[in-house]
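Given below, in the form of structure tokens, are the structures.
Okay, so chain A shows up in both of these, paired with chain B first and chain C after.
Moving on, here comes the complex of A and B:
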């Protein structure tokens, strides 16, 4: 029946087609061309934005990274000196190592904190209203600027800060703890504070989508709470964990303000190194460093995507 | 295979709050090795009852015994039951073998052994070729078989099924229904099956438990449920009876007379529950009513044809009759064709005393 209809339609188009070509070849082609133009137009805004704000700057950085410079000026050129200096310097390697150390620490702590916050929100808070309310509570730190949030750690963690005076007054420690502020501890603490929510959100998203009957089915099969967590919930939360990890890793890799501020200048990160080079007007060196940093971050993201398939979550 | 277990539910109540009673003091005995269907409209407490047997819902009061063990306070894992969930609840990140082997895995069975056992179970279900696939790559019927395999690998004494067929299309539904029945016969274990489909319950069950508002309306074999519904709810829910309610106007040696509004009255058989002057309800089977025949007093009524539907083999004639809101008759196709009626016709309806069934008196 259907094939008959189709056949009839095909024969009808066969009859129509020649007359179409004979009489109105130009309009047909014009229509086709305009349709193609329309789809290009539809894709244009995003292409323009990505081109102007992503590809162009990156291209500029890559080009500048091959330029030459002295203390007053930069010269268009093609030298690999900047890369040779960057990769040949043990300071670079130490700084990269230090940055990766921050990444690992902040990632591990935010993953732990983020997972359990998300778990609590998804599984223990029953009403959607309460979930939304508590989730908004998590975003409150983001209502103030990054800098203010960091500054507010100073009166809390400082030598004569709230925490130290409380500890000394209670007799828990004899003298104020020095490592609390302007230290790597402070850097990691501030970064976890800044970035943990980026872990909470995607994990929460995957957790709320887990069918509750899966948990019941696992319990029915005799699984303990730990077994349910390791066999069902964590595997199903993997895409969320991966997305959160990408956020945290890229943010920490590129961070320089937190490191500068919270370490009191005692610690370095790649971002900070680039910022310093820029302030010394060593743009080509900074650009080379930035290209290396970009490559490293892309490799890290690729590694995460290699381990977890996040496509089904997007 | 495991021994079948008898399930004894003793005045079990489930409260979700001070006011919300999902299951209200339900008592039920399900014989070992029988197929029991909990039937009722949504919100009647059938799923809560099943989940309490499984241990996924705490019991507010009362006790449940499975086999020789009172399981009231035991977690699901320590009950000799296994549950099959409504949406099957297959683990999406595991292949079929790991899905089926899950309960063995959490018990600590070595990998090779549990995978071999799971594969054996899958072979039994005819799913061997798909063993390495994920649940999402299977059809609904195949997913259901995986869920069955997963539930049965623990050798349960009772299998609990929560609306197992509701996700399937009508053809598959009928086929899987036969498969379930065959499986239950082969395994010999107790099946408790929750459904809202009368047809499903009739086709499968040894014992149909009709529930409404957290109470059991009637628990009986399907034929008895159909032929002798205990209450007006059962008669209406099963859908093959006309339910008439009125007051008992007279009681004599042959039976009683039920007076309906609009001055209509019908005869009923003798029944000790009928009291003079009290409200009473009777049910008359829709397929036993003769249409267009002379009516004996008390055994018929004249109605106005409102609608005629062809059901295949019979006609469903809906009528308006005095004292009755809606009266439905299933008339044999050939008999109807011999004396056809059209919408708007006034036709006499007649039945015999034997087709009148007295229902439990309304409680209100």
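Moving on, here comes the complex of A and C:
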């Protein structure tokens, strides 16, 4: 699309060219220069905000990760102790492992759920109006508070919650199940609940853009439904799957609130470890962990981008 | 096409979709019901009578901390973030229509704002303010922290909008003698207005509900999500659900207002349009 715009612009300048013979080229040049200036002015607010509230803060984290601290305050210094402490501790490694476990589980479940929901919307819902309506229905919960959405599992999963009462009343289990709430099961469930939409949206976007005649052609050539799915639809949906995966992986990697609330303090994640260090005012230690976390997240994103080229999607 | 018989897979997937919607809305609806729990009722079913007691409780200062103040702060912050997100995303969207020096870098910076974990943004801004010696506050550091989350969404939406926007309309306007500003105000802006409403909705709701990025950046006064989180550790009555119901109502109102605005714009356009 961008290249089309480019081309249109180029052809426009080609049309303008002859008029240059009649009048001086100065006005068009000045106009072009002012356009370029306009681009910079238009991009400046975004660049300034992200520079001030994203780049500088990350720089601050990197700097402070080399500082020293005691129980009262932090001191400017250059020590690698914070990294040595965190990387030398098996608690850190176990926490990272646990976080990656959540990532894999939530990613796999969200991908399965997200793909089929998107597939249904894109291929089985016939009118655009209905598609939009059903898609909105999925989007609305995403625009409400994450914390409230977590709390809302309590009356359902709790010891005396709906699910347990139903299971006991039906005689399926003799006593209420304890693992439903405040457990790793609850963490994964809540994360899928919170983040599945991040998978649905990009996959849906790629699926609706698939040319239906490709599917028709494959069917005419005798392909089975499974063959159409694995040879046409899934390969064409890859960019959407990649974008959704980046969202889910980075959200789960950095999550601490869901882990803290839904596990009832019985499980750990890297984000939670950082949040705990922050509350103990151990900023340099938190900063060192944050740098390690950022490096891991960026490597994961790079790995996804290596497998699937999403640039043509944007 | 529409008369065609539905294949079996349609019914399976339709059932799956139905379950997904139930999964999304089911838990939410239980707390909306339990918010009306009777005065002696607990956090779970059964309902012990029906009352508005927990909603009243919400507005008694001592019962749940500073609910009113937190609510007002979140509302103001949400509106600040909304306006800024719409303006900055629109400008950036316009800028990205042309290639300029640094456009790729800025684009990747925007994407990385989505990828960097929220707690890092929170910690980083908190530390940066501490190093400089400024006091963090919800309207300064908190405001900036929220923008790092809402702007990428806004910019990506504008990106998608302008990628599908034909320059022919602007060329036509210019051929008819419109100035750059007239072309923008009378041709481009009305066409992208529904998308801008969408960006505004994202800006408001994402800020209004943001927790992780506010954690270290809100200063001495809590925003509503922080207040709610504090309550989950020490409040064991359905007042928590009443609060959940009220904040969800605000989000729902924002969504409805945005949808109404988009519909209205569409109707207006149909009325003005040639056919």
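We adopt the following convention: the second predicted complex is superposed on the first by the 270 of 314 C-alpha atoms of A that agree within 3 Å, B and C clash if a C-alpha of one lies under 4 Å from a C-alpha of the other, contacts with A are read in each partner's own complex, and residues count from 1 in each chain.
The rule is short, and it goes like this: contacts are C-beta pairs under 8 Å (C-beta built on N, C-alpha and C of every residue); 3 or more make two chains touch, one makes a residue touch a chain.
From a predicted model like this one, the values you see are computed outputs, not experimental measurements.
**Q** Based on the superposition on chain A, does the combination of chain B and chain C result in a clash or a fit?
**A** Taken together on chain A, chain C would fit alongside chain B, as the superposition shows.
**Q** Based on the superposed arrangement, let me know which partner A:217 touches: chain B (first), chain C (second), both, or neither?
**A** In the superposition, A:217 touches chain B alone.
**Q** In the overlaid three-chain picture, which partner chain does A:175 touch, first (chain B) or second (chain C), both, or neither?
**A** Touch partners of A:175: none, neither chain B nor chain C.
**Q** Mind telling me which of the two, chain B or chain C, contacts the most residues of chain A?
**A** Touched residues of chain A are more numerous for C.
**Q** So, A:128: does it touch chain B (first), chain C (second), both, or neither?
**A** In the superposition, A:128 touches no partner, neither chain B nor chain C.
**Q** So in the superposed three-chain picture, is A:72 touching just chain B, just chain C, both, or none of them (first/second/both/neither)?
**A** Neither partner.
**Q** Touch check for A:227: first (chain B), second (chain C), both, or neither?
**A** The answer is first: A:227 touches chain B but not chain C.
**Q** Of the partners chain B and chain C, which touch A:236 in the superposed model: first, second, both, neither?
**A** So A:236 only meets chain B here.
**Q** What is the minimum C-alpha distance, in Å, between chain B and chain C after the two complexes are superposed on chain A?
**A** Minimum over all C-alpha pairs: 5 Å.
**Q** Per the definitions at the top, what is the overlap between the chain A residues touching chain B and those touching chain C?
**A** Shared contact residues on chain A: none.
**Q** Which residues of chain B touch chain A in their complex?
**A** Residues of chain B touching chain A: 54-56, 75-77, 82-83, 85-87, 89-93, 102-103, 105-107, 150-151, 154.
**Q** In the complex, go through chain A and note every residue touching chain C.
**A** Within the complex, chain A touches chain C at residues 1-2, 5-6, 8-9, 12, 35-36, 38-43, 45-47, 49-50, 52-61, 63-64, 113, 116-117, 119-121, 124, 126, 134, 136-138, 140-141, 143-149, 151-156, 158, 160-162, 165, 193, 196, 225, 246-247, 250, 253-257, 261, 271, 274-275, 278, 283, 286-287, 290, 293-294, 297-298, 301, 314.
**Q** For the complex, which residues does chain A have touching chain B?
**A** Touch list, chain A to chain B: 211, 213-214, 216-224, 227, 231-232, 235-236.
**Q** Going by the contact rule at the top, pick out the chain C residues touching chain A in the complex.
**A** That would be residues 1-2, 6, 9-10, 13-14, 16-17, 20-21, 23-28, 30-31, 34, 42-45, 87-89, 91-92, 94-100, 102-103, 106-107, 109-110, 112-121, 123-128, 130-131, 144-145, 147-148, 151, 155-156, 159, 163-164, 167, 171, 201-202, 205-206, 208-209, 211-212, 215-216, 225, 228-229, 232, 240-241, 244, 247-248, 251-252, 254-255, 259 of chain C.
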